[in-house]
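Pasting the structures in now, so scroll down.
What follows is a pair of complexes built around chain A, which joins chain B in one and chain C in the other.
Our next item is the complex of A and B:
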């Protein structure tokens, strides 16, 4: 499996990581060797095996529909980098 | 008084008869901290040695100081996952395990160092400093719960909590010569644990001996409404049930874990452990876990995929430090996300986020993530089959004793392979414990791993306890 510089740049964008040129080169080589290693999974025939995302035999888990105390909004907003009133403050999204 | 060398149960009996007060233990731990912490560097930041009584009636850990890993929230305390991106994050609430510890009377002393976001097997990716192995300061303590294990091994703590996604409690416990338990997935609430890979993560105790481990697990285990994956099944009285002897217990040795080229000292220690358990009445048989060789590959797809999703929340909006982009190539918001994450995450975190994003991305999802999820089922079925005939599985915890600091930092794949014996356990969701079972000629600890069926922690404690009673490895201490 070969992975190009452009692939790494594109994936970094999807992951919202601003990487330096140096980091891109570094990760390109390392990712290639990791992907080469995980390619061993291709030697198994799993066409008739159901995927398992979770080990527990759980379906929907419901709780009682009752009001319980939650965290005080101010105690949560206090730890944000920027907040105003009851809201998080972010850079302008709509021009 | 050398209170710091005692176990939680030894301290409990002194507290009960009044010969020791809770503050005496903390004061003694302070002197120990001052004497050895600059060598070991086990803590993320200086702990507190002041006693606060938080016990409700009958607290099993009343007066016992406990250290927790830096990815477990404790109200009013910094909880930074040893990452710059969470710099200054003060948890607004207690994790369920912390709440349970406090109600049992334990004092939360402080936070232990770890690999950034638990990404690592050596404690070297912490944004603060690497932790050293108390047995050899040139070696790593293992990871990611390296700080939790090192502080217990160095007698800087009585007990600690870690988290285990692919071996992060057991591998460092093995390398540091302490007892570490990864409970069954769903046994302990994950509420308040900063998520790494949600289908694999479990919190568990790290202690000086098996009895203390059973004591702490008994306190933190159980169903929690805040974690829908915590299972509503009763918590056994581990301490009393593990007294039952192990005559007739069926122990499996998986042939895939004992291969050519295995570290000879680890092999020797395992053979001695097997002989010891046989002398205690256990019956051994060889089994096959045929998909063992695929576990590391499956793990590094599933764990990084889940991590890339879980860590999307660190974007400079709700917590931690925010960085604004200098360039105007993109919108200010996207620029802020990228700059915040670039400055905030270390190299290993970035590597895993890129790998995880890649295996989930359009065009690769089926080939990587979906395929890995199918192989994961095969790995679990291997265990199901073995547990139809056997009570527990015995393996080494780590393929080698502690390695040198820096040795594997530039070779991610060789670092990932140091978890080769522990990873399948998380994929299958079963419990496993690491117990000291030897020392190398150069004086480094070796650990054995006992794996059990889902919710079979009692079986693990029985084997570990009776083994420990007939050996003295757990009494060995590093010279610091």
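Our next item is the complex of A and C:
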């Protein structure tokens, strides 16, 4: 499985990562070897194996619909990168 | 060339639970910004979501009411994208194992019944709310809504006109209201609708390139946006251009759809199973139990009203147009066994009051008992129909019972000849032309005279007595 430079740039963009030219080459190699390793699975016959949806043998974990106190907004906003009044503040997302 | 529009609708409904979908924060509208937030709905490290059982139950009701098959095994997935209203940078949703699929909704149109297939109904979480102040280079975020339970109802592209889309939405909303699982208030955003629309040459079965319409905040807007978009695509195709697959926003002010600025790039959501939520196994007996627990749905109620009370299709539809009105009607019926009389009052004067006040039945100062008291006064001949309308108006203004208003305003119907005769003499003296007309054989002229008696008596005269007395007096 080969990974192109464009693939790396695209994936980096989806994850909002800014990579230098060297990093792109570096991760291109790493991603390729990871996928190569995982590709080994293709040699196995899984036609009689159910797809796994979860690693733990758990099911039906529910919560009752009763209110639990929320956090104090002031203390939460302290860890926000930016706030205004009781709002989180972010760079404008519409023009 | 003639084109046929192909329309599919995606409806999002906020579920009316006490808490959010995966945490115990309150699920309420209108509280101060960022007061209902916790580590789970903010996606803080180390927090774990746990599904609200009631949200799944509510979702199940909707799925079953729409005739969907509920999966015995379902799971949640992460839909990954970056946007500031999404604190975790992913939305917990359902991808390849939605908990229900393959339902349908039959809508009634003038041309008959149309069968609209429903592709899937799945449960997910809502995003927060963004505010964009005019001034400044920032947007503000309120996460109170983030993580609240949302149901996505996706139709197949089975609708072929804006009117069909409108009818589908109206009928779907009615079912949701009957199930009492959401406020269904488009203005508050508890019901939202996106529409996919494309054109194809009439008579063909393939699908053309579609545009996705967003930002419609009423069913009316959905219809207008579709009408506009169909015309726009028609013009593109007729001029030999092609339709571009894109998201377009309905602009209410300009009454047109405009392409969304290229903020959102080609979607690549990289769905994968949500590792923090184990899967859910729903047994056949749970599904059966939920089915048994469904309330009577609008279609069944309409049929029952027609069959049991002999109502017309139109009257049955009007009475069941909201669950509140249907419930009100049935509560009245328990107090007073004259369904047609009650229906007459609810469809006539009471609906008139609701329309002129812009309120639903719950917003009026009227209870089944107070309405029955009024109807009873009319039926017993104590007040005239005309006076009764005035009494109803006064009841809604002051909240006083009908009997008290009749007493205070001296509206008791006058049926005794003695009190009426002076009014009748006055009317005869003042309306010589109608009197002559009547004597010349125009029987209808008496109706005008009765009207004058009603007017002079301020609605208190018993019209039947007045008519009899007038005829007797004029024939003598």
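Note that the second predicted complex is superposed on the first by the 89 of 95 C-alpha atoms of A that agree within 3 Å, B and C clash if a C-alpha of one lies under 4 Å from a C-alpha of the other, contacts with A are read in each partner's own complex, and residues count from 1 in each chain.
Here is the rule we go by: a residue touches a chain if its C-beta (ideal position, glycine included) is under 8 Å from a C-beta of that chain, and two chains touch if they have at least 3 such contacts.
Because the structure is predicted, anything quoted here is derived from the model rather than measured.
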Note to self: With both structures fitted on chain A, tell me whether chain B or chain C touches more of chain A's residues.
What the structure shows: B
Check: Which partner does A:90 contact after superposing on A: first (chain B), second (chain C), both, neither?
Finding: both
Notebook entry, point to check: Which partner does A:58 contact after superposing on A: first (chain B), second (chain C), both, neither?
Noted result: both
Notebook entry, point to check: Residues on chain A in contact with chain B in one complex and with chain C in the other?
Noted result: 14, 16, 53-56, 58, 61, 63, 71, 76, 82, 88, 90-93
Note to self: If we count contacts the way the header does, which residues on chain A are in touch with chain C in the complex?
What the structure shows: 14, 16, 53-56, 58-68, 70-71, 73, 76-77, 82, 84-95
Checklist line | chain B contact footprint on chain A (complex, rising order) | finding: 3, 7-8, 11-12, 14-20, 23, 27, 30-31, 33-35, 37-38, 40-42, 44, 46, 49-56, 58, 61, 63, 71, 75-76, 78-82, 88, 90-93
Margin query: Which residues of chain C touch chain A once you look at their complex with the stated criterion?
Written below: 17-19, 22-26, 32-39, 42, 50-56, 75, 80, 82-84, 97, 130-132, 136-143, 261, 263, 268, 270, 273, 275, 277-281
Checklist line | Interfacial residue positions of chain B with respect to chain A in the complex | finding: 89-90, 92-93, 185-186, 199, 225, 228-229, 231, 291, 293-294, 296-298, 300-301, 308, 312, 315-322, 324-325, 331-339, 341-342, 345, 347, 350-351, 353-358, 361, 367-368, 370-378, 380, 412-413, 416, 428-429, 454
